[in-house]
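Shared between the two complexes below is subunit A, which has subunit B as its partner in the first and subunit C in the second.
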Partner chain A sequence: MQELVNRAKELLADGTVARVLGWKAGDLPYNPEPAYFEKAEELVDFVYNGFCGANLSKYMIEASKLEGKTMVCLKPCDTYSFNQLIKEHRVDRDKAYIVGVGCKGKLDIEKIRKQGIKGIELIQGAELTDEADTLKIQTIYGDKTCAYADAMLERCHVCKGKEHMVYDELIGDSNETKDADRFDEVAKLETMSPEEKFAFFQKELSKCIRCNACRNVCPACSCRKCVFDSTKFDSSQKANVDSFEEKMFHIIRAFHVAGRCTDCGECSRVCPQGIPLHLFNRKFIKDIDELYGEYQAGADITSKAPLTNYTFEDAEPSIVGKRG
Partner chain B sequence: MQRIGVFVCHCGSNIAATVDVSKVVEMAHMEPGVVHAEDYQYMCSEAGQAKIAAAIQEKKLTGMVVCSCSPRMHEATFRKAAERAGLNPYMVEIANIREHCSWIHKDMEEATKKAVILMRAAIAKVNLNAPLQPGESRVTKRALVIGGGIAGIQTAIDIADAGYEVDIVEKTPSIGGRMSQLDKTFPTLDCSACILTPKMVEASAHEKINIYTYSEVEKVSGFVGDFTVDIRKKARSVDMDKCTGCGVCQEKCPSKKAPSEFNRGLNTRSAIYTPFAQAIPNVPVIDREACIKFKTGKCGVCSKVCQAGAIDYEQKDEIVTEKYGAIVVATGFDTINLEKYDEYAYSQSKDVITSLELERVMNAAGPTHGHLERLSDGKAPKEIVFIQCVGSRCSDDRGKPYCSKICCMYTAKHAMLIRDKYPDVNVTVFYIDVRTPGKNFDEFYRRAVEQYGVNYIKGQVGKVIPQPDGKLLVQGSDLLDNKQILKEADMVVLATAIEPNPDVRRIATMLTASIDTNNFLTEAHAKLRPVESPTAGIFLSGVCQGPKDIPETVAQAGAAAVKAIGLLAKDKLLTNPCTAQSDILLCNGCSTCENVCPYGAITYEDKEVNDHGIRETRRIAVVNSALCQGCGACTVACPSGAMDLQGFSNRQIIAEVDAICR
Partner chain C sequence: MSLENKEFKPKIVAFCCNWCSYAGADLAGSSRLTYPADVKIIRVPCSCRVNPMFILRAFEKGADGVIMCGCHPGDCHYSTGNFYARRRMTLLFSMLDYIGVENGRTRVEWVSAAEGVKFSETMNSFVEKIYSLGENVRLGDLRCKN
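Here is the complex of A and B:
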């Protein structure tokens, strides 16, 4: 982290960048939040640890409109989102100085809590430079420990890899954290009967409180005005007409990001209700891979996305239809 | 609020027998905005249209719904009727209660319910309709014909005779197509070359026709009346202007092992070649794959012997860009690959050949100089078996579900010609049905049977087994006598199914012309617009649209020409006002719409916007309404809903869905 802060200071001092986009400590030890730093002295608040899961690439949409460059800290998985935003002309590559930061897997406070660890006051071992594979946690009930891997976000268990897809320089090393296939869960859902699937999604989506956190955090949901906020389409009232009222919102959202979603996992990370929203997107990704060949959104900025491209090898609509 | 009139058509008994039309009228009165509703026996008739006109004027209608047949049938009729009565034609909506309802349902109560729902959806849409005005676009008075076979040649000649410039683009080194490979033609048995060559010469000599051979269409943009086409002229390696067509280069070329495309690979040709003697243009091309000079850098014999100095090894592909008002597709056919029909031993024996190969064998310019002989040992055959429907009328996915249409007749022709020239040869034909509808066709077939003694057996062949002595054992069944047949033959001829030229998929995509599951180009209406593609300005000529013989092809080629001439004769076209527009406040500038637009109608501009007080420059999609064809692909691809189609706005579509779900 110190290396990052030092480099940020240098870049601010020599005028390469006008501001730094990173994370600062939150009010609890496990909720750092995205933050801009415009002066060297502000960087005392800068943090980068295992809880910095937030994908900063979407902030670059607004940062691209500001004067001067912004140093932005992107983890390997975040760079896919950034590339996708370049492709969609939503961020200006020239306005970003990308520091590719190392990552050894990001932590999920809910997983720690599920192990019965409550009243957390301090967590040690979450720094990138920490060698230990165990977190030491001070709580008001005494000291506890938790294996790092057991506290990782689901998305880190299916990590896309240590490589940054786009960057100006790299700071810090990354760990291999992948130990599962990202389509396992989807494959399980696919074996369910339509009734079981319906029941599953009804149960999950019924938890939705429509706080819009998933939409607001999603780098693919970058529309200037969301169709659900617009009076132009009468789609706002389409959101809640059924027994589990928010299903249309989530299904329409999944369609809107289909083929553009990089599977960054932010939607599920921020959902206060713990809805596994990433499953919708992964189902689309799996189908796209199977029907049109493997495609990773954001892996580059030139390839044509399968859903907005036509080739002679494309699956016939009848085949897509039969799969349901 | 609109003042809407609803007109429910009985279509004789087509609709009224299944849908309670008076109930539909009754329900119409209960819909918001409806101030008039009536039913009539034939709304499209003069009297029906007069009723519409009267209602528009008396009730001061601002919109109307006709519950009738498909809009593809009569939308234009009702729009014109409305316009004559002073109503904007785009305020007319059709509820298709015939094809979508009465024709496909039996229960009157259910069908009536559905008709009411379809009507409601149309009324909901009309409530949001706005008057639209078509624009104008110009017509480039030049036509492009893709394919230089008999279909393309005939279409080109007919268009050129009407006084318009025509370009033919032909992929191979010469025009002439499949017909040039045929020996004799049914039902008159005149020589194919004798009737085709004059047509080829006429096309080539016509002052209004320009022929690009050894060329392919590379890119098509634009729209009806104003297409821009890139044509790739492949490097011929021979200067067309200098070459005198003397043929010495072909004689002297030391590389003579390339399979002759013209003779279906039954013999070989030189690396520098013209496909056949009557080729037009009579200028050879160098097949760079086979040429020693291109392969090793050494040789250059053709260049040395060419008196005219026409050989140019450095020649490169050239792209020519031209503008056209109309495009005619005449890409023709090929025979199917017989890989999946190995029971007929095509890959195992040289004496099992396709009918098209037999054409070459029978032809004086063919590999055997017209002598009927076995290709394995050159011996004269005594027993020949013809197998019909190889890959045609096939119920599984090995072959084609359709009838190739020409095989019954050409097999009768082959059988007759063989029996005439070689009376000692026995000819047996295995068939499923003999199909001979056509002028003088059945008489022709009967002559083969009655006069020439061809042995027709109704039944299919299960297997052809090559014997050690070189004979072919044919295992078949005789369905009329209900017995199995084992027959030794010296030659077996397969009436191989035809399929559209494989290139047609690529071409159809460039033209945005639709194709069916068999890769035949789809016509705008199977009965009433058989030579037009649903894509405006694209016309269909010959087998690319469906199997047909030469007389039918020529007739259709002429029909396609007439349709193209009808278009080229106009100075201006009215453009469809149902085009897309982007809402500058909603547009993200993300390029999704640009990626999906098949017409290249969308570009991006940096525009100053004032978004509720926020002034900034944004990348905004801009639609060229002259290029936009109103397909709506952009509106569904746009994530923010900024793209909207006039006449089919997102709100209108959702209103229709809401009305249906109500």
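Here is the complex of A and C:
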């Protein structure tokens, strides 16, 4: 982290960048938040540790409109989103100085809490430079430990890899954290009966409080005008809710990002209700891979998105029923 | 009339493209071919005008089945519209299947302006399928039920 701060100071001092986009410490040890730093003195608040899960690429849409370059810290998975935004002409590549930061898997405070660790005061071992694979956690009930891998976000268990897709320079090393296939859960759901599937999604989606956090954080959801802000759209009112509304909301949201979703996993991370929203996005990714050829959104900036492309021999929609 | 005795009359929405399928339906009519009155046709300029939201919306408002008809692939009036529609609908139907909505409630059929017979046969078989599946209880909005 010190290396990162030093480099940021250098870049600010020589005028390469006008501001730094990174994370600053929150009021608790596990909630750093995205922040801009415009002066070298402000960088004392800069943090980069295992809890910096936030994908900063979406902030670059606004930062692209500001004067001067912005130094932005992107983890390997964030660079896919950034590439996708370049492709969609939402960010200006020339306005960004991308520092590809290392990542050894990001942590999920909820997973730590689920292990019965509450009243957290201090967490050690979450720094990028820490070699240990256990977290030492000081709580008001005494010291606890937790394996790093057990506290990782779901998305890090199915990591896309430690390569940065786009960067100006790299700082820090990354670890291989992948230990599962990202389509396992989707494949498991597909084999269930319609009743079981419906019950599963009903249970998960009925937790939705329509806070729009998933939409607001999603780098692919960058429309200036969003269909869900329309007062004419039924799902804008949660008060007179009906079970269909959340489904409609989530299917449409997933559909709007189908073929553009890089599977960065931010939607599931920010959901205050813990709904596994990635299951929708991954279903579309899986279908696209199977029917129209493997496609990873954001891996490059030239390929045609699957839903803006076609071939004469494409599968007919009846294939859905035939696949069983 | 009590609710239990009420005979099931499905509501079926058919999105038909202006250039092929709607003309196909016209031909079915002028050829005196029959298809059930449960089918309500909505004319769209092209099958690719059908936003996935239209289909969800139809289900929300109480449709028991939704069918989309367009020109045969390669014959689109706008050259390529139905190719895009085909990909979109495949993904949407797959998603609906994934969340537990029976796949039989959604269908895409390519009907040209000369295929009055196919139009009538398609509608008859689709309505039959919906009768066998019964009322759509999974996706309906309770506020839209009478």
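Observations
Here is the rule we go by: the second predicted complex is superposed on the first by the 299 of 324 C-alpha atoms of A that agree within 3 Å, B and C clash if a C-alpha of one lies under 4 Å from a C-alpha of the other, contacts with A are read in each partner's own complex, and residues count from 1 in each chain.
To be clear about the criterion, a contact is a pair of C-beta atoms (placed from the backbone, for glycine too) under 8 Å apart; a residue touches a chain by one contact, two chains touch by 3 or more.
Since the model is a prediction, treat every value here as computed from it, not as a measurement.
In the superposition on chain A, contact of A:170 is made with neither subunit B nor subunit C. More subunit A residues lie in contact with C than with the other chain of the pair subunit B and subunit C. Of the two partner chains placed by the overlay, neither subunit B nor subunit C lies in contact with A:213. In the superposed pair of complexes, A:225 makes contact with subunit B only, with no contact to subunit C.
Looking at the shared chain after the overlay, A:25 reaches neither subunit B nor subunit C. Look at A:40: by the touch rule set out above, it reaches neither subunit B nor subunit C. In the superposed model, A:305 makes contact with subunit B only, not with subunit C.
When the two complexes are overlaid on their common chain A, residue A:149 makes contact with neither subunit B nor subunit C.
Overlap of the subunit B and subunit C interfaces on subunit A comprises residues 227, 234, 308-310, 312.
By the touch criterion stated above, subunit A contacts subunit C in their complex at residues 186, 189-190, 194-201, 227, 234, 240, 242-245, 247-248, 251-252, 254-255, 258, 280, 283-284, 287-288, 291-292, 306-312, 314-321.
Those residues of subunit B whose C-beta lies close enough to touch subunit A in the complex are 505-506, 509, 583, 585-592, 595-596, 604, 611, 616, 619, 637, 639-641, 650-651, 654-655, 658.
Only residues 52-53, 56-57, 59-60, 73-74, 80, 83-84, 86-104, 106-108, 138-143 of subunit C touch subunit A when the two sit together in their complex.
Every residue of subunit A that touches subunit B in the complex is listed here, in rising order: 65, 87-90, 222-227, 230, 232-235, 238, 256-257, 260, 304-305, 308-310, 312.
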